[in-house]
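Next come the structures, one after another.
In the two complexes below, subunit A is the common chain; its partner is subunit B in one and subunit C in the other.
Up next, the complex of A and B:
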């Protein structure tokens, strides 16, 4: 079991992730700590005042698992529980969990202030890639 | 204890009403409230389960809005107090040998409410529905108020109270109605039956209802009519029977009276014959006495005269010595006293003979054998004869005051008339217990002789007076009177075409007035 868990972690650690956002709201360049802070709901609004909307792949997808590991350093269930606690305590709005990359991209493109994590570069008409710690992926 | 029909009706109605009131005020509301509460509990539990299922599905889909939506499913429900999303965490001890479950509320709706005990009132139902997902184990807790249930219970009780009141009033009205339509007619029937039982057959019961009571009233009326008809027939039959009976009684009484009269007449005839015989036998010897007493007195007067003359000569001529022997005899005899004694003895003999002669005459008058032939007789003499016979029963006790008129002789049966006087005078003597008087008065008019016999005895009441001529009626002790004397006397006076009247009052004595025609039309 531990080996399996370790395997999943390793697998998660191997996946390369990219942060994208709606053109409105999020800055194009961020630090990892700043990104984690946003994705953990610690920052509710962007500098321009736009409300932060977090869009993630479901935790049972490879991208979701990787996101949980790299951003939250938790398992998928714990991330959901984490967000459940935050959202029900009113401290933050829960992320939007998507089943597919295309759905995720569509939501980001349509939602000002939206920020998402995915595993490939996506250039949409209304999205942008955020450079984290000077890199396009992490 | 006697329980009347009215009481029974009221007890029945009240029992029904009270039973209904019990059911409507207590049992049914209790059952309805229990049913309502059960339904409410089930509904709340189902609601909780639904939310729980919605939350579970939303969590599985990582749809946090869905969780919110599921929890908001009941947000518009006015009964909602709060809905909690509870996370159940397993907390192990340090050596992982034991664990405890800790509930922590993740979400409460409405947001303003915390899962605070103060929200749980008495009128609160709290339901819990647990779920388990990959993410977490937890439960949905749903608390709703039961105020609407309480309101419903209150409405049920109010409705029950109103229904019970209405039923109670209806019950009272039914009681009155039953009482009026059952008890009152039955009581009327009872009263009518009682009066019928007392003999009033005019009783009828008015009841126009077509029920059994009405039929009973009709049957009762018919029965009373039949009874009245039967009684009328019975009365008529009874009257016939009574008249027949009276006739029979009268016949028997007449027969008995006739028999008694015959016996009495026979007795009187025998007595008359005996008396006549005795009178005849005594009359001859007494005639010798009465006829010879006067010559004897004359002879004795002559002898005494001669003796006195002898003594006068002896004294005048001084011959005492020659008649010394006579003088010696005279010394032992009181001559003067002897002469007086002789006169007295003769007088006594004469009085006794006269008295005996009168008695014999009375006996002869009384015992005349003249039942079938009217004879001339003087009522004064008849009265005297009767008084003579009764002399010993009233002498020295009763004074007889006679006021005889100058009466003509009348046509009569002297023996029977004597019998009448004997009966009346005997009763008069017996009516005077100690001393008293009897007044006898006779007079006459052109056609009738009248005799009044009045005593100063005890008298009699009207009731007795009306019965004294009835055969066998007597106020005397048993064995001392036959009750026939005055009845026979009445018959005798009637036989003489006369009248006999009686006047009496208690304490004022009694007076009989007899009227007898002087001349009888029929002298058979």
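Up next, the complex of A and C:
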């Protein structure tokens, strides 16, 4: 059981992640601390006034697991509990959790202010890759 | 001309459709419920807790709604159950992380009341701290407020609220005086939060207090609260205190100090043994609260089966000046759905 748990953590840490956003809203360059802050629901609007919408892969997917580890430093269950508590207190809107990368890309492309984490470069016409700490991936 | 009119109508319809696509109403309904078993006075009892329905809805780019309704056992109704509106909050995000809130709120006077609400699965212990049971603080305020959060490097936050005071209903204030709540907090590190607040209300003679009893004197109430919360990967600490100063023309000022400290240690991500110490200390001559100095110790263990299912077992020993010693062993299964 411990080996399995350790395996999941290692797998999560090994997956390379990329931050993407809708062309409207998020900046093209961010620090990792800023990205984590946004993805923890600490920012309601981008500097241009567009509402922040967080789009994530479900926590039981490989990308979702890696996001939980690298962004939230939590297990998938803890991330879901974190968001349950935050939305229940009325302090933030819960993310949209997706089953597939294509679903995630579609939502980001259609939602101004959307920001998302995935594991490959997105080539959508209405999305852009965010450079985090000077790198395209992390 | 006719063509221009048609184009104009089409543009208007399109703009409505466009905005509804962009900001289609996203409504979510969630709930919490808990079941209990407890041993007190050598008797085992089973109990239903609260059933809490929680609704959020994004109405537009800037407007959102949050509602919380609770169904619970009440001995005074024919059905033995009652429904209460715990929160109805319409939020308008007017700039950045700054919001205007209108409706019925859990008074943002301390961390517990502003965080856990009625979601028992989120509570660190089975029951609320004693300062809630002893009606030291107002749980609800119906009114209007300004809220900001996560501002600057220290993640500063504020809540300023004006509303119907103690003795009022959700539709009518019983007097001209309004309650005022001013609360600020900072979050200087991950999982760490410091907060202080001030609450003021002028409670009219005859107003029904938290305990359902009419006031014999007009009371000017000031509540000063402070809290430290830390919920990290290994340790959990939550300490809160409220100094209540109740002043009447007849009896002068009396001070009540109510506090608790909770500490938990994660021996595993899902398993948290914990303790909580409570203290209620009333000044001689206190007329607003039930003057009953009380101390309590709670020891328990929490097992988070998953993010919406939690089992807690705890033992509580309580000593009250008027009621003597009491012991209680409780188990709770709390879920979210």
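Heads up, the rule we're going with is that the second predicted complex is superposed on the first by the 138 of 138 C-alpha atoms of A that agree within 3 Å, B and C clash if a C-alpha of one lies under 4 Å from a C-alpha of the other, contacts with A are read in each partner's own complex, and residues count from 1 in each chain.
Here, a residue touches a chain if its C-beta (ideal position, glycine included) is under 8 Å from a C-beta of that chain, and two chains touch if they have at least 3 such contacts.
Everything quoted here is computed from the prediction, not taken from an experiment.
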{"item": "Three-chain arrangement built on subunit A, subunit B and subunit C clash or fit", "value": "clash"}
{"item": "Touched partner set for A:21, first subunit B, second subunit C, both or neither", "value": "neither"}
{"item": "Comparison of subunit B and subunit C by subunit A residues contacted", "value": "C"}
{"item": "Touched partner set for A:88, first subunit B, second subunit C, both or neither", "value": "both"}
{"item": "First, second, both or neither for A:80, with subunit B first and subunit C second", "value": "both"}
{"item": "First (subunit B), second (subunit C), both or neither touched by A:97", "value": "first"}
{"item": "Subunit B versus subunit C as contact partner of A:61, first or second or both or neither", "value": "neither"}
{"item": "First, second, both or neither for A:51, with subunit B first and subunit C second", "value": "second"}
{"item": "Part of subunit C, among the options 38-46, 236-244, 290-298 or 308-316, whose backbone runs into subunit B after overlay", "value": "308-316"}
{"item": "Subunit C-contacting residues of subunit A that also contact subunit B", "value": "77, 80-81, 84-85, 87-90, 94"}
{"item": "Sites on subunit A touched by subunit C in the complex", "value": "37, 42-45, 51, 73, 75, 77-78, 80-81, 84-85, 87-91, 93-94, 111-112"}
{"item": "Interface residues, subunit B side, partner subunit A - complex", "value": "59, 61-65, 67-68, 85, 87, 106-107, 111, 134-136"}
{"item": "Contact footprint of subunit B on subunit A as seen in their complex", "value": "58-59, 77, 80-81, 83-85, 87-90, 94-95, 97"}
{"item": "Touching residues (chain side subunit C, partner subunit A) in the complex", "value": "22, 28, 30, 54, 56, 58, 61-62, 64, 66, 87, 89, 91, 93, 95-97, 99, 114-115, 117, 119, 122, 149-150, 155, 233, 269, 304, 306-308, 336"}
